[in-house]
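In the two assemblies presented below, subunit A is common to both, partnered first by subunit B and then by subunit C.
Moving on to the complex of A and B:
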């Protein structure tokens, strides 16, 4: 019990410290709105990438429709907060968007997840396009012009803790029996089925959780940038998210986080040359796939749990060689 | 009735363009089970090559068509050799991601060089711009040209695939690449040849679209590419007749949805058809069901 508490503190203290430091810097006026916008982009991209990684990296279901779920979350959150501009409305819109995205994920996932890899990719792409076209042609969503003047509630506290919560929940899901079932589906669907894993349920579950958090990310986007239009959630947005996941490593949550930060910095630096940015992105995709298809991290993880190792080394020397499996397990933890 | 016949003509000309693109998708899928996302962008490159050949080089329509086909053929082979060949033994997801990467690379490299602005195709010679009446239906010479060129190319393709040695090699590789290799077929060259054929057709489709719609831009390949893929899936991916049927079907559906005043939803309808097909009969109209083996 006590050991668990210490292990938790080892992870929680650096995170809280990071949060507090940035908060102080914001209040001191050192972190300006410009930097904060970059950080919002990073947080939103982390949520998107981690949730797509759950679907594509861990469960092995290639989805090209993540931007569609994001769009559902963004529009739901925007419309709810515009009708009810309070923190309660914001939280309601955020959760409502997530739940709605998850429901659409269920609706699309149940039939299409029976398809194999690339067919699924096309089906999800088609689904995202349909969502975008519907948003484009509704009066309530104001068509191609989009919604503007969405009340902004997403400050640093919200974005930080929403991101941490997302990563924490997905990491814990992956360590649950359901999460292990998802990973077994990726490794070998037929073998997983033969040992009693309900593969369709695992896939749909991963798909819904991924969609839920994509919806949350959409809500975060709407609330921070207070302007959304259907074109923001097109095929290219899905590819953007995919690039993060692939670069970080399919099957590595920490890889997604690192890649989200890295790519946000690169694209901020390349802001004056948007065309060059896309050329570099696409070249990176091809080069990574040819020379390092496992991405930066492969399926390994770095985590704040690494700090635990320093603490445990002295008393655990005797048992370390006897229990390598347990140690490996600890290393995989995230946050 | 006249209105209906008119829409059929429009649907046929649009459908033959989709069919040309879908043929490339379906042949590549048939031979290496890859959705070649870059295919739609090869078509875009074809449109630009045709444009520059007509404006800068002041060549005629048919010469430009040939040049576009040859350049796209080379482009297709280069893409295959550089991007896809090193991944022959990788996972399907890896190859698919590479294909998306190549697609974006083509789009944005093109945008970098020619700019994002829409360009309009040069005016055509008189004999291609007129139109004539058949029983109250207006048929543009362009439409005749598009349908005619498409049908001719499809016939040539069918001849190559059915009657030549390399065509037989293509069919052999698509059935079983390992067995084909044991029989002395050069699998790599056959795959390259498939890309060459498909890309040449896409290049031709690009020029035809430029002539038909009169406007081109670096991102024009995305949506028609996806729709042509839907057409290939509809007909049964990997099957050449399937791509033809699918192309004409999707072209027809799109034309009739637009004619019904719902043109804003025409793309959504096409993707709806895709999802419906994938759910009801994933192997497509003409496809046979192949059991997955352990």
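Moving on to the complex of A and C:
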């Protein structure tokens, strides 16, 4: 119990400190709207990447429709807050968007997740396009022009705590027995079935939770950038999210968070060079994938336990690194 | 205790099991021997619910379980150790074992069974934090068996436990199977290594191309000339 409290404090105190420092900086006028917009992008991308990682990285189901769920959340939140411009309306729109996205996830997931293989990728790709086309052709969503003037409720407090809550809920889910069942589906579906894991139910559940948080991310987007149009949620957006997940490491929540931050920073740093921006950005991706094909974090997580292990193993590491050096000398002699 | 009657299974147009029947009584080890492609694994996969039969009846404790899902069969005490071990490679040994008890809610019982598994397979206890994918073949087989035992099965279905293992390890695995059985678990064993299987089993069935061709006590069958010639090397 005491140990649990310590590890909770170890996580909570730095997080709260980060939140408070940024809050002070915003009030002091040091963090301008420009930086805050970057932080909003980072937070939204973290929510998107962590939720897609649950589906693709942990449960092993390749989904290409995350932008579709995001669109559902964004439009729901936008329309609800425009009709009811209050904090209550914002929260209702946010949750409503998430629930609606989860329901669509159930509808798409139930038939396709029964199959093994890449059917889900194709089905979700189609689903996201259908959602985009529907939004494009409705009067209520104002077609291609999109919705503008969405009341903005997402300040630093909201984005910070929504992001932390998302990561916390998904991390806890993965540590639950149901979450571990999802991972077992990725590892070996037949073995999972043979020990009594309901594989279809596990896949659908992970898919719905992922869709729910993608919907939340959409609501966050609509509320912060107060303008949305169907084009924002096209196929490329789904790929962008997938890039974050793969770059961070399939099956690593901390990898997704690091990658979301890193990519946003690279993208922001390159804004003064619009001609070179996409070239450098893609080059950075290619280079990272050459040197870290498993993603920045692989399937590991950042934790203080890793630091402890590292400290204890230091002597062993030293001898291990000496050994290849000797072998290399031998090789040179042979040559 | 566990019975299969007139089971027919098709893979597309291929009639893989042609009306086979078998019976396993409580406390027995029954083995199913036969050549490659005889339908042994299909029989086991159909028994555990991983494959749907075209017709036939499967009963456990006198209750019809033919229509039940694999999950419900595990819940009722029928658990399969799949062919080729199939441990979860990127999970630790203890996570693999925890998943074996996925359907159980009695924490105390699960903890007791975990201790039992570590007593039966001390090597798993030593390596409980190691990733299952880094274990040797024999250790993975032990882990797969331990994982199945964590569901506290009444009937354990074992598919080719000796596959790809060194002879010494095969001996060890079979003596563990005999131990598990002696402590009250009924075992249905599918095995290509008929020699070893007939040594531990009480009764045996012989399969050929989707049909049962022979059955009897293990001692009888290992004395039969046909069996000796076909499966026991002389």
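The rule we apply is simple: the second predicted complex is superposed on the first by the 280 of 335 C-alpha atoms of A that agree within 3 Å, B and C clash if a C-alpha of one lies under 4 Å from a C-alpha of the other, contacts with A are read in each partner's own complex, and residues count from 1 in each chain.
Here is the rule we use: a contact is a pair of C-beta atoms (placed from the backbone, for glycine too) under 8 Å apart; a residue touches a chain by one contact, two chains touch by 3 or more.
Given the structure is predicted, the values throughout are model-derived calculations rather than measurements.
Peer 1: Regarding the shared-chain residue A:180, is it in contact with subunit B (first), subunit C (second), both, or neither?
Peer 2: Second partner only.
Peer 1: Now for A:282: first (subunit B), second (subunit C), both, or neither, which partner does it touch?
Peer 2: A:282: touches subunit B, not subunit C.
Peer 1: Per the contact definition in the header, classify A:299: touching subunit B only (first), subunit C only (second), both, or neither.
Peer 2: Touch status of A:299: second partner only.
Peer 1: Go through the superposed model and pick first if A:190 touches only subunit B, second if only subunit C, both, or neither.
Peer 2: both
Peer 1: Identify the partner contact of A:140: answer first if only subunit B is touched, second if only subunit C is, both if each is, neither if none is.
Peer 2: A:140: touches no partner chain.
Peer 1: On subunit A, what residues does subunit B touch that subunit C touches as well?
Peer 2: 190
Peer 1: Quick one: in the complex, what on subunit A touches subunit C?
Peer 2: It is residues 177, 180-181, 183-184, 187-188, 190-198, 251, 299 of subunit A that touch subunit C.
Peer 1: Along subunit B, where are the residues that touch subunit A in the complex?
Peer 2: 33-35, 83, 86-87, 90-98, 100-105, 107-109, 111-112, 116, 222, 226, 229-230, 233, 264-265, 267-268, 271-272, 274-275, 278-279, 282, 292, 294
Peer 1: Which of the residues in subunit A come into contact with subunit B in the complex?
Peer 2: Interface residues on subunit A, with respect to subunit B: 56, 60, 62, 108, 111-112, 115-119, 121-123, 125-127, 129-130, 133-134, 136-137, 190, 235, 239, 242, 246, 250, 275-276, 278-279, 281-286, 289-290, 293.
Peer 1: If you look only at subunit C, which of its residues touch subunit A in the complex?
Peer 2: 48, 50, 69-71, 74-75, 79-82, 86-91, 95, 98-100, 102-103, 144, 147-148, 150-151
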